Structures are given as structure tokens and as C-alpha cells.
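Just so it is clear, A, B, C, D and E label the chains in written order, and each chain counts residues from 1 on its own.
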């Protein structure tokens, strides 16, 4: 049994299902990457794992307990952290306050964690007093990831964390993600910078029209010519 | 084609663009890269008329267009996409595209009321064009979906699609690639090349995917801290130490690193 | 028309017919007349909100301007009024125009730091110049028979003309208002228009030379013969005999039918135009602008101009309805305009009916007006029923009976909340083109 | 099957606090008439209330329409505010041939509407009150005044007629400024009024509306030492509210007659648990009573009949009938004997069917309004 | 001496009343602004919520008075205030649960909330009138004045007098305390920050573990408390009448918007801007100038910019002008 298991999830926004028996899993200290064409249901699958989408079938369990019926809020407390694809910062609050909000459920002193975030994304230290809404696209993305890290989650879910960030920051992000994973946190992320992402992934999922098309280790998927051609841009 | 001269835009104390001078040659595909917060989007927004510059000038085809409104620039052939998709959420994908072309008689109330024939004829043309674009973007299955319900990447495609609805002189693309599947991005790249060669569109694009930039763009302009750092052929630029230091980086440290990177 | 629309309209018709059967046709037709006018106002508000997302909270002001037109067009001129104050009025109008020109000139020519103070100074000086002409003019005009006249009077033209003029007045005002305030974000636009409506009303209440201010203008001419003339008309008496009613009722019904027909013609014409516009590429453009004005602007649409256009059109429709309302009342009473009745109630109509949908707005206009007037007798009836078993004169009986008028508000609130609850998009939601 | 009589007053809206008293007073008269059991054909009168809102002409006319067509009222007591009264009269009552007696609409414009004899009012036109106020002021040696009026047809009309009369008599109105009712704060009005430099403030407002706010603020800031109140300002609530500060600083007028009529009504009203000094309470009683008497005189509840007999029962000659004596009046009238209804306000209809206008002059002393004479 | 007289005149007729009025508007606007900032709609029921709360305070005050309880020179209403606040909080929470929560879960547009609040306004309106009727109600007691006109004249020897009412003083003091508290609460406490986060981005707040329902609840509690405080102070200073509270809504909104809606400091600034402008623009400066200017220059006319007829319009003219010069209000709106 893996740390997170999302088994045969089926569901959608309205009458029609977007997900069809979609299965995902990731263990502590592992990185799982979901890739696939636009509109394949990757974000939807993430939302389903996080309890933001009603499932018609399938179940989600975390650390052996079934959490299928928990609300997103309860899942946060159960140790899940999530960075959505869009609208992922508090635009009217300063960078620092954004991070503080990430630590909302924590009662201990979170200043160390904040320091770590700042050293990972130095630009944020400079901009700590500026409202996040005034940041550039890439800067916001850094705030968003920083906010999720503040929770000290045991499962971190990232929906395209590197969209719009510069190569150098992307590398650092991936580095950090590796580090985070190394501390025993499970990481589930969606990526379009798929080659870089799969390169660091322990598990890779290719999702097409809400179904698992390929599932393998990151390396294996990268090596698969069909996957490369159809989904990774050659 | 576009000439920007010593442009400044300051938000209070923040110098988002701080004396940038840029030339975009007719018929080129110019790349604009730079670290996050370098001022690329802001520069775009100034050129596209969304912000008035604090100082400096913008020329389009030798004409001073500084401070013209976006819709006026559109009619001069300048189109743009938004980094954060700006779809019309309560219109369908097809309608999103159909509303783009200018000079639709149906958009004039008088004609809409009293000249149904003319309106219908033009609608048919516009619709045909929209369907072409939809096919091109490989999204026919969502043609009648409300744009608000699209996935993140589909919205970006729609952004690009809108620029294809009219014959533009110059198109500004703000990170069309972010969030778009790489295979599809290649197709988009082909489309851009085709539009550039066959229709003579000039492109200027912000992008963080260096493969994409490398494949399409020449020259590449590198911005940092509101200024132009360097301009050149992508291969040259990518070798430039300053660019590597500020922007490109040197790849992942290692696969299972445990030490923090340099702050 | 879909089945839902048809059945809702059938219900509405049944409600009005029900009143006719239970309370008499005169009452039913009286309600119908106002339903028609309300529907037109709701259409105007819907154009602004439903099509373009403009939150106009100044509907009251535009409705009142429509009323002004009725007075100025249809009342007989007051002899001597123009002679007494005409010149000075002209001069003060000239002063206003010159002031505005100077202010605009200052805005163009004075740069940076000094712009605002210079403009304010120009406007202040202009204001005092204007006052030096206006004050004597208004004093002179008001001195003419203050109890009965004391104002400029009108042109003595047929009252129906004033409906169009009312639309023009409202449109003109909307043009100016829109020019200054359409750049504002929606909530700010709302409050700015709310404020401007209050300013318009303050002017109408206090500039007695124009429409007698709070002294009201009564006895406005009617578009159809008045009921007493009808009562005397042989064909009406004939009708009365044929239907076995008394002459007064027959005349009342004829008069109300005539009004309803006039109003219905206007409603249908405006509805046709509105619906056709909405279904055209123009409507598509407006919805796009509403969804995302930055993107629409980047796609070459002149958002400011389109906003101004729809703001002017919507206000004109409200102005027409305002003029019709005053015509029906037969009097112009500025103090009767209050935001609750003339702005919020109209808003409720649009939202309950379904914003962005013309069928919905018309239905909303009908339904909400109906509820607004029917809630009142219902309140009395409900309280009377509730207290039947009680000792007359007891504390609770007294208390409940005294509360009867407030049932209207309670009922209005509950109905509004119920409809919103079960149809948050309105009874007839906007038709999005989705399949 | 009782005969309905409409009572259309502003139960909600800006006059909502005085209308319950008015309605109760009119209903008292109707009840008295019914209980006498002497109305012809065993008619009993049942009041049916509806809301004029005071400001919304459209809602008021619809309400009136329901009264006329659904409740089939024989006559209407109402409305209260001049604006809606005009609307109902012109659009509903007169065309339908229903008598309408307003206890309180005092706008001079109502004197001249074309009413076919269907519109009456038991309150006098404001044109008269202005003259009387001016005359008394001159007698008291007041030469300069500031005027504040409630910004409606009533206030404005009264301020105009007072101003004209006062200046004609040689006085000077230093400032005449309206105040809006129901507003949050009146300090700016008081500031401007005070700055004009007069010692006396004429207040033409409503007792539980802006008028009292202006007076209170004036007293608190010491802006004026003496006040003159028109009818709308009369009421014990104001005295209670302001308290000792007001004693000896106010005189005023209100429609009213000397002696018997008023006294009898006061006693009768108190007996029935009502406040006879409420604004337009006596006028409301009279409106109700007149309808009952006209029914008696015409022998049926026919609408036109009521109109035709109205002047007869209200005016001389005949036996005088006061409040609380309706039984006697009805008996006489039904028997065809001439009566002269005096009622609570000494009703005497002049010209177009409105009260002639007698005024009571009072001063506020020892926390009470003391009558000092009549005009 | 003349200068002093002019000053006292100006203080007495302009500054003091306008300050008290401004403080009342500020408190009202603060409530409106808070709801706007967190729940993102303009709450038209705020005026009637004030009326309802004040009604409770009035009833409790009467009860206390009949029991002989008093606060000496201070009005007894201050004792009744907490009970009124409690009652109104219950009302607000019930309303939220039965009306607004549904639209929140549906993520309706703000305008739907606005219209729903109009419905709520009607219902509150009726509720208040059912219970206490439509009349003017007095519940003020204690010492009416801190400084009386006559006393001041005697003490200072000036021609002009100065009056400060107890209620005016209390209003200003309470306003300052309340605003300071709200400020501290929003900026410094975790709950306050959570409210701001929620107001900014509901989904993300959820993802951060912030309970939306709790945030909403606290917002209503604060708003209800502010409404009752504002309503009671206003009632003490003038009088209590349900209808005026509805009328008060417009200047309150004007104040909130002038200041920049959603911004607490803005609400306060807006309240004072509206109050001062109403009084100053329509003030007749004749009296003041007569003291200040030499004999020959003394004005004949009233020296009044606009007649008081336009007083109500003035606050809106100011409003429109402010919006045109600074389209987001004095403080940038919509951030708390």
C-alpha cells in the first residue's frame, strides 16, 4: 500500500465524467509526475485527490486511512498541501503574509520554514512586503510553491509549478522538490515541462482523456519513444 | 517595424521597465527572455497600450503610437495574447473566436437591427474562419463549450487562436507555451513559422522554454531588471555568461541533492 | 420561446386574470398598465447590467428626467415666464457651456501639478457667474403666480411626443454621466450613478423655475380622453349596457385598455430592438466586453465607446418608461422618487427575471410589480384572518393589525429571497449559446 | 353586509408615525356611526385600510383602485400627503365618482383641481396659514426671521405664502431654506440658518421628522432663542423629547377652533383612549364623521348621493353636531332635518369643498402647549 | 477677541456637529466596508441591521430604566449595548445561515448577494416595525451636556457660545476605540489575517486550512457589533426611528466608497469627508467673516457656496469628484 493511493477515480464537473477510472499513487519520499495533453484531466485528477471534486466511483486513501469523504480542509490537516494551477496566491496580501497563511494550521514557530523558503527563492525576500498581486507571473509561482511548503505537508501536490518560471528558477524548483522529497515527503505533480520532470520522477503517469494511458518509472517513460513523440514533444 | 526608445515605467518606487530600447524587425520572430520580474510583460503591456509609459516612445511602422489605446493598436495590426489567459468565459470557444474580426456589420446596432442580410453573410464568413482555427488548434470537441470551462492549456490555445482570426502585422505572444503540452507546442511553433513565412506576420514572444525559443527566434532580446541585457542569435545568447548567470542557470545540481543551493 | 418561458408567462397571465376575476377588471388592468411600464424599465436596466455588466444605481434619476420631459413638452406655456427670465436663463446656460469649455481647455493645456487646482478654479468662477444670471431669472419666473404656476411651463405639444423626448433627456444625461464615470469599476460606478441620481433629484426639487420643484405639476394632459369624457361618450355608454356594467366601470376599463395598448406598443417595439441586438454579433461583443474588458479591448473593441453606447441606450429606455409613468400618474412629483422604489425595485425585477435575458426582464417587471402592489391588500387580509379569533381590542390583536402594512415589506422580502434561492440565475436565465 | 369606507393613509414611509393616530380617529367616527344603529337601512360602516405610502403615486393609485373596485368603498378618507392625494383624486376617485375627504392634504394646489365635487378636505389650505402666521408675527414685533421648511409641496407652499405676507407687512425673511425629512443630521441646516443673523426661526416641518431635528440642534447649539411652529410641528412628542429647554421659546398655530368643538372632541377622544392633540387627528375624525352623516342624509350608501349631501351636512344652517354626538346627527339627518356638523374642528366647507381655516394659536409653557387664542 | 468669537462660532456650528456626525457615519461605513471586504458584496441591509440592533438596545434600556438602573451622567444605553449586540449577532448569523450561505456555496455573483441583501433589508425592516412600531423612540438619559452654551459664554466672556453634548463626546470616543480595535484585529491577529486571506481568494484559503465558515461567522459578528454601536450612538445623539436608519444607508455607502470600499481606514476617512463637506460647503460664512473682516469689508449676503437645499447632493458631488480624481477612493479600496 503506497502512502497516497487514488484508486479508479471516476467523476466530473457536470453530467459527463472527465475522469474514467484514473489511478494514481505515490509513496513517502517519492516524486510522481502526471503528464498528458491539454484537457486530459490532469488538474481534475489533482482536484479529485484533494477532495474538490465529487467522485462517482473510486476512493482515495492517505497513509492507510480512507479519506474519500473528507473535505479539502480536513485533508489539509491530514497533511496534504496543494498548489493549484491558477489563482494560487493571495493577491492583496504581501508575500510574507502569503507565506504566513500557508502556515495557518501550524501552531508551532514557523519562522525557520519561512527562512528556508526565502533562501530557496531569494527574490521573495526582497519583495516580502509587496502585495503578491503586483509580482510578475514567475514570481507569483514562487510565492505559491512557498506557501504550500509552509504547511510542512506530508504530501505535496503541485499543479504545473514551473509554468512561466525562468529556467534557472525551474531548476532550483526541481532541486528543491528533490530535497523536499528526500525528507520523506510524498510529491505528486502535474508538469508540462515533462522531460525535466520525468527525469526526477520515481513514478510517471500519462493521462489521456481521463484515463491512465502509460504508467511506469520516470526514466522508463522518458525512454519510451511513443511517449516521447506523442506527449513530450519528441 | 516596432521601435521602442528609452522606455520607462515605474509603479511607485518599482522600476518595472527602466530604460529599455528595443527594435523588432519586420518579418522577424523576435524572442524576449529574461528572469522572472525582468519587465517583459510590462514592456509588452506598454507597447500594446495597456499602460502609459512614464517616459519613452513607441513607434509602429515609423508612426508614434505611444499611449494609443489597445483597440486602436489592434486596428493598426498589433495583436497580443495575455500571459494569464483572458478568455471570454460566458462565450463558447467558437464565439470567442468569432468576436475578434473587425468591421463586422453585425456589431453596428443599426445594421444588426435593420440589415439582417448583410449581417448573416458576414457571419458565415467569420464562422468559417473560426472553424478553420479550431481545427488547426485541434480543439473541435470543445468548439461549443463555454470558454470558462476549458482547461488551463486549452485557454492558452484559445488565446493564440484569437490572433489567427485576423491578418495581423505583428503579434505579441506572452508565454503561449506555459502550460501547453510540448507536442502541441511544437505544432504551435510550426504554425507560427508558417504564419511568419506565408503571411508575413511579425512575431515577438516571451517564452521560458529555451528549446522553443531556439527553434523559432532570431534574434533574442534578453531583459533583466527592466533593461535590455543583450541582443543576439539564440545560440550566442545562450552562451553569454551574464545570461546564464541571471537566467538560464546550469541545470539540476544532482538527482538526490541534500544540500541547499546557493541563496 | 422555450417551454419554461411559455409556462412562466402563462402563470403571470393567470395571476393578472385572477385579479380580474376576484377583484374586478379595472384593478387588473390598472396593475397591467404599471406592469408594462415596469417591464420597459427593467428592459432598460437589463441592457446595462445584463448585456454589459454596468451597475447603474441611478435608474431613479433617469426615470425622473423622463418625467421632466412630460412637463416641458406637454404643459401649456406659462405666459410671461419666458419674458421674465428668458434672457438670464440663456446667459446662465451660456455661462455653463463656457465654463465647461474653459475647464476642458485647462485640462488639455495645463500640465501636471496645476491641472486640478486650475480646473477647480475655473469651475468655481464659472459657477458663480452662472449663479449671477440664474438667481434673478429664477426669482422672476417663480414670482409669476407662485401657487399655480411659477415655472417656465411647457410647449403644449401632445403628450406622447414627450415619451420620445423623455428618452432623449435621459440619453443626454446618460451621455454626460457616462463620459465622466464609465471609467470606474463596477461598485464605484454604482455609487457614482446613485449619487448622480440624487443630484438630479436635488436639482428637480429645488429649481422651482423648471418644473415647480416640490410644489409638483399636476393636471398633465393625457394621451387619451379622460375618464369623465369617456363616461359621457355614447359608445362607452353603449358598451356599458352591452356588458351590463355601470358607465364608470366601462369608462375605466376603456381608458385602461387604451393606456395598456399604448404601453404595450412601446414595450413590443423596444423588446424587438433589444432582443434583436442581443442575438446579433453586437450582443456577442457586449457579452465579451462584460466577461473581460481588457481582452475585448485588445481584440480591437472600443470598450469605452460601447459602454457609453449601452449606457445611453439603456438610460433612454428608462427615460421613456419614466415619461410614460408620469403621463399615467397625470402629475410630476419630484419628491416621490426614491431609490427603493425606482432603483432597487427595478433591480429586483431584472435579477428575479433573469439578467441578460429580455424575456426574463419583462417577466420580472410584471411579477415584481404585481407582488409589490398585491402584497399590500394581502397583508391586511392576512392580519385580519390571523386575528379573527382574538378578542377585539386585545393587545395582540391591536399589535397584529397595526403590523398589517409591514407585511408588504416582509412578503416582498420573502418572495425575493425565495425566488433567488430556487432560481439564482433568475426565473428565465441568460441563454448562453452552449449547445 | 357592512358598507366599506376606504382609509388610505401612509402607513409605511415618511409619515408612518402619525398615520396610525389619524386612522384610528377616522375609524372611531365610523364606529360611532355604526354603533348608533341609526344609519338608514341598517347600514353599518366598515373601515378598510390601505397604504398610500405618502410618496409613491403609482402604488397609491393602485391601492385606491383596489379600494374602489374590489372593496367597493362608498367613500374614502384620505389621502394624507398632498402629492398622492392629487394622484388618487385625479386618477381614481373622481373618475370613479367616489367621494374623497382628505384630513391633511393642505397644498394650495388642491383648491383648484377639477373634482366634479368629489374632493373635500377637512384641513385648510396652507395659503391661509401663512397669512395668519405673518400677521401674528408682526403683532409680536418680530421683524426679521429665518425660515426652514420641509422640502415638499406643503412646506414650500407654506413658506411661500408666509414669505409673501410677511414681506408685504414690512418684515424681512433673511433666509428661507428647506430641510429634507428623515435625514441623518441637521447641523448644517442650523449652521446656515443661524448665520443669517435672525433671532427667530419659523419651522414649517413635521413634528417627528426633520423639523424636530432642526429645533433640537438649534437649541443645543444656542442658534435661536425663539421659534414659531406651523401646524405640522404641533405635538406633545416634541415637547417630551426636547424637554425643559423648549419652554417659553415657542409659539405656533394649527388648524383648530375655539371652544366647544375642540373641547368636546378632546373629552371624547380621551374617553376612547386616543390622543386628541395628535397631528390631524381631529380632522380625521371629521372626515369619517362627515361621510357617515352624508350617508344618513342621502338615505343610502350611494356614492353620488354622498357627494350631494356633503355640503349640506357640513355647513349651516341646522343644528350643531359635535364629536361624540353622531348618533343624534345621524338621526336628524336621516329624518331630513338640517344639521350643521361642527365636529372636532368646527368644520365649515368653503368654495371648492375645503375647510375655511380657523387656527389655534398656542405657546409652549410648562411642558405643555397652552392655547393663547384663535384666529 | 473677534478672532476667538469667530473660532468659537465655527467650532460650535461646524466642527463639533460635523465631527460627531462623521464619527457615526464612520462606524456605519466600517461595518459596510467589512462585509464588502470579506464577503464581497454591498450589504443593503446594514441600515436595517442597525435599526434592529438599536431597537433591542432601546428595549433593554427601557427595562433597565424601569428597574432604576442607571450609569449616572452616562446614558444607560451603554449598559444595554452588549445585549443588543448579542441579539443582533444572532440575527446576523441566522440570516447568513438561511440566506447567504447558500449563494456562497453556489459561488454566485456579487450582485446576487446584493439583491439578496435587499430582500433581507425588507425582512429586517418589517421585523423592526413589528416589534417597536414606526414611531420616534427616546431612550437617552444621563447628563445631556458636557459643555453648555450659556455656561461657556459665562466662563469665557465671549459673545458666542459653545456646546458639547455627552452623546457627541461618547460617539467620538467610542468611534476611536472601535476603529483601533478593528484595525488591530485585522492587521495583527491570525484570525484577522485569515479573514483577509479569505476575502482575497476563497479557494486558496480553503487549501491553507482556513475554515471559510468561521471567517464568515466572525465577519458577521464584527459587522453586527459595529452596526449596533453605530446605531445606538446615532440614536442617542438624535433619536431612534426605523425609517431614518434606512435613509442613513446612502451617506454611509457614500462614506465607505469615498474612502475606498473594503478599507477600514477609508471608511473612517470617508465618514468624515462626507460629514465635513456637507456642513462646510453649505455653511453661510457671513457670521464668521463679520468677526474677522474690518467693518468696510463685511459681507452683505450669506456667503454660502450652495444652499442647504443641496446639502444631500453635496455629499454626492464630493463623492463623484473624489471618484473622478481618484477612482479607487481615498485609500485604495478592497483590501483589508
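Basically, a contact is a pair of C-beta atoms (placed from the backbone, for glycine too) under 8 Å apart; a residue touches a chain by one contact, two chains touch by 3 or more.
Values in this document were obtained by computation on a predicted structure and should not be read as measured data.
The set of chains touching subunit D and also touching subunit E is given as C. Traced through touching neighbours, the fewest hops from subunit A to subunit C number 2.
Seen from the Cα centre of subunit A, the chain whose own Cα centre is farthest off is D. Chain centres here are Cα means. That of subunit B falls 74 Å from that of subunit D. Centroids of subunit B and subunit C (each the mean of its C-alpha atoms) stand 45 Å apart. Note: centroid distance subunit A to subunit D, computed from Cα atoms, is 76 Å.
One simple way to say how far apart two chains are is to compare their mean CA positions; for subunit A and subunit B this gives 27 Å.
Contacts with at least two other chains are made by residues 12, 16, 20, 151, 178 of subunit D.
A complete list of chain pairs in contact reads A-B, A-E, B-C, C-D, C-E, D-E. Considering their complex, residues 50, 72-73, 76-77, 81-82, 84, 87-93, 97, 100-102, 104-105, 131, 147-148, 151 of subunit A touch subunit E. If you check the complex, the residues on subunit B that touch subunit C are 48, 50, 69-71, 74-75, 79-80, 82, 86-92, 95-96, 98-100, 102, 104, 106-109, 112-113, 119, 123, 126, 144-146, 162.
Note for the complex: subunit B touches subunit A at residues 11, 14, 33-41, 83-84, 139, 142, 149-154, 156-157, 175, 178-186, 208-210, 246-253, 255-258, 260-261, 263. Residues 22-24, 26-27, 30-31, 34, 146-148, 205-206, 208, 213-216, 218-219, 226-228, 231, 248-249, 251-252, 255, 325, 328-331, 333, 335-336, 338, 341, 372-373, 376-377, 380, 402, 404-406, 408-409 of subunit C are the ones that touch subunit D when the two sit in their complex. Subunit C contributes residues 49, 55, 116, 180-181, 183-185, 187-188, 190-192, 194-196, 198-199, 202-203, 205-206, 339-340, 344, 347-348, 351-352, 355, 402-403, 406-407, 409-410, 412-414, 416-417, 420-421, 424 to its touches with subunit E in the complex.
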